[in-house]
Amino acid sequence: MQMTAREIARLLNGTTEGNPDVVITRPSSIEEGGAGTLTFLADAKYLPHLYTTTAAAVLVDEDFRAEKPVSATLIRVKNVRVAVATLLQQFSAQSNRVSGVSPQAHIDAQAKTGENTAVGHFAVIEAGAQIGENCVLHPQVFVGRNVKIGDNCTLHSGVKIYADCIIGNNVILHANAVVGSDGFGFAPQADGTFKKIPQVGNVIIEDDVEVGANTVIDRAALDATIIRRGAKLDNLIQIAHNVEIGENTVIAAQAGIAGSTKIGKNNQIGGQVGIVGHISTADGVRIQAQSGVNRKIKEEGKAVYGSPAMAYNDFLRAFSIFKKLPEVEKRLRKLEE
Amino acid sequence: MQMTAREIARLLNGTTEGNPDVVITRPSSIEEGGAGTLTFLADAKYLPHLYTTTAAAVLVDEDFRAEKPVSATLIRVKNVRVAVATLLQQFSAQSNRVSGVSPQAHIDAQAKTGENTAVGHFAVIEAGAQIGENCVLHPQVFVGRNVKIGDNCTLHSGVKIYADCIIGNNVILHANAVVGSDGFGFAPQADGTFKKIPQVGNVIIEDDVEVGANTVIDRAALDATIIRRGAKLDNLIQIAHNVEIGENTVIAAQAGIAGSTKIGKNNQIGGQVGIVGHISTADGVRIQAQSGVNRKIKEEGKAVYGSPAMAYNDFLRAFSIFKKLPEVEKRLRKLEE
Amino acid sequence: MQMTAREIARLLNGTTEGNPDVVITRPSSIEEGGAGTLTFLADAKYLPHLYTTTAAAVLVDEDFRAEKPVSATLIRVKNVRVAVATLLQQFSAQSNRVSGVSPQAHIDAQAKTGENTAVGHFAVIEAGAQIGENCVLHPQVFVGRNVKIGDNCTLHSGVKIYADCIIGNNVILHANAVVGSDGFGFAPQADGTFKKIPQVGNVIIEDDVEVGANTVIDRAALDATIIRRGAKLDNLIQIAHNVEIGENTVIAAQAGIAGSTKIGKNNQIGGQVGIVGHISTADGVRIQAQSGVNRKIKEEGKAVYGSPAMAYNDFLRAFSIFKKLPEVEKRLRKLEE
């Protein structure tokens, strides 16, 4: 982005003090600052940084009075926190804007895109696909045959959606995420080889879901792999065929969930967690990072840890003894003697 | 897909009962059903679902007699299981079809593609590459210089194959998989920096291999990283330089195999398994999910578990005591007293 | 590549013995060999292979005298090791060459690319982006708005760089790597849903960094996620928002580092390691593969292992007892009796 302090003040209904023409290119924290940055003072404990910051401009409350000279331009606003939220949305929107439909995109004659939907260069939208309004498809996105996408979705560069998948409204898919690849299904043959089982289901992603970069969500063998409304998936996650992720469940990076498992609502699943296939978890379950869940979790709100996973506190207690096992064994040997 | 019940019946040498003009857009299980779905009754225990299913059509054996009214159109066929297999292949093929060579693809004048090979929009085939017959390259695929690809291969959208790699027949590579990236080889220098060791080998993928989405197979430093005939790799797997994966070995998602390790035939490697470099495994070895294998496995058919991995049953026994370590330690303390 | 033995000898200031017209297409080790390969004899212990190798040509020292007939063409050079290094660079450069700017790339009128920088087909460079000299952008790369890239960088096919990120000189990014995707930041709401926190920082990658295929580096919420000079990241790694990776730190495949963690210089982080957020590690720390680091490591050069991680040797000692826990428990039971 490129805005002067004056333009930012105008946007926020604020006023400037100091050079109004200083150019802002990015936001920063008040400790970091640096040329071209805009920062903010929302908490009195950061006040000392105000007098040393190298930021170009600082948002302060309109009645703030500095006790020492400040080199940065001050932008006075009614409420710093509200102003910051407004600005961050603005910065973020600017970075992600794509406008219009690129003449270098390939949109099949039998595909539909809604009003105000942007399509970046070298994106491909296949026959039968339907995309709603106000979506942004960044360059090099692939949308397969008969895919349905709702309104206000953002597909970052390199996202690939296989045929027949269905995506709701307000969904964000980050770069190089894959939706609808074949589930890992093979029938063992007598001679030791494996025969592919056709994967003819699809993936359904409901509203308000965010999917991280390079995450993969496989299509179902039959029926659908489902990501329910409001779920948030981080980067490099594996969602196998016929899995269902409950509403508002949050999954950290590099976790993997094997086939046909049903995750409840509002689960919190840590990074690098593995969950076996054909089980389920209750609502509100929390799974500590790197845990390996190999059986159904029936109890709502349960916290688990370890590989294989057990109750969170049981793991901590067992692990505290594990750490001193050599000493425990020595005590045993002493008794034996 | 879009077919009427009548068209499906004709394809399967069957007959319809009920509305033959109902339109089928996707297959489903009999429990799920839904408008536009086709399902099947292959096992008597699912019979009750037949009378309640919302599917548009159901495949049944030709001599099947319903005891209650069925709202779905019935399609009577000689053998339901055979008909299902035929149809799934058909559905699957339709979803993945790309026809002809896109005028928006870039195929170097010094590259060759065989008869009936389709090339999608914005795909790139570099000089010296040779691709066989009946292949499907989906949009945005990259095939580097001098890459050789056999017949009947499918490269899904976003697959990237670096120069000089060799791929056999009937190979499927899923979206955004990478083949032939540089192995991770650096020579430590006296000043703490690292100097890149050129990685000038390649990757060889033999016939009938399937590679999952976002999986990475690095090229060898010298010689080749090899994936033997019939091996199946799931998503997000790491195969390091100079690794060899044996015939018909199956590897689940997010597993990683470090440099120069040789995996035997018909191994079954679980999700998120890690295997160190410069070791080997015998044929038929099974490695439980999340295990960490740090030494050679010589015994055929051995099952291992844990990190570091040990014999499967030994791990289970040790872990069963681990879970009650606090109690074990209490018993010890009591004896001491 | 395609060169005759004579051309290679000329390049290396060497001489040929045997057929100088044999065509070389790739390098190999002396054990592997094969038609069209070039190999080398740099260590006397490999001498027996010289007489049996099927390689087309072998580099040998200029004063080497064979004791038996050799079928391969010999290329005599002053110093075999130096010649190999020269050749490997040459082979590697040939495989990766892209020349000129493709007319099928999309470079915004407000973007700049330096002299001798190549841009492959269907690559996209957005407005405000600045790319230095002697860079190679392979096909289908995406460079977002206002991204800055230094000199001598290589971006392999499918690399995606979001807006505003900054990349130094001599940086290599492998295929489908993602730089600058949104950090995983959400504010929990009273109704159980999550509200996205705009991620408006960026990613800064300093000079001499290499990033593996399908690795993801998220942009900071504010400020920057930073990869310091000389760091080497393998494939499928997750770097979360606001992380900092120290100079010359090496990270193996599939490791993940959670938000705001600062990794020291010259760390060695094994494959599949997980590190929690908001901690730091000292310089020279070594973390064993699959470990889970959940607290700050203050001691320079410390080695850790386990999940959760502890001192390397402590883990080995504790694990050695873990393996025999069933026997330990039996001994305890015997004492109790």
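Letters A, B and C name the chains as they come in the text, with residue numbers starting at 1 for each one.
Just so it is clear, a residue touches a chain if its C-beta (ideal position, glycine included) is under 8 Å from a C-beta of that chain, and two chains touch if they have at least 3 such contacts.
This structure is a prediction, so every number in the text was calculated from the model and none was measured.
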Numbering shared by both copies at the chain B-chain A contact, with half separating same from different: different
Size of the rotation, in steps of 5 degrees, that lays the CA trace of chain B over chain C: 120
Mean-CA-position distance for chain B and chain A (Å): 25
Junction residues of chain A, two or more chains touched: 122, 140, 158, 176, 214, 236, 254, 272, 307, 322, 325, 328, 332, 335
Footprint of chain A on chain B - complex, ascending: 25-29, 32, 88-89, 91-92, 95-96, 102, 104, 120-122, 138-140, 156-158, 172, 174-176, 208, 210, 212-214, 230, 232, 234-236, 247-248, 250, 252-254, 265-266, 271-272, 289-290, 307, 319, 322-326, 328-329, 332, 335-336
Parts of chain A lying in touch with chain B, wherever the complex brings them together: 106, 122, 124, 140, 142, 144-146, 158, 160, 162-164, 176, 178, 181-182, 184, 186, 192-194, 196, 198-202, 214, 216, 218, 222-224, 236, 238, 240, 254, 256, 258, 272, 274, 276, 292, 307-308, 310, 314, 317-318, 320-322, 325, 328, 331-332, 335
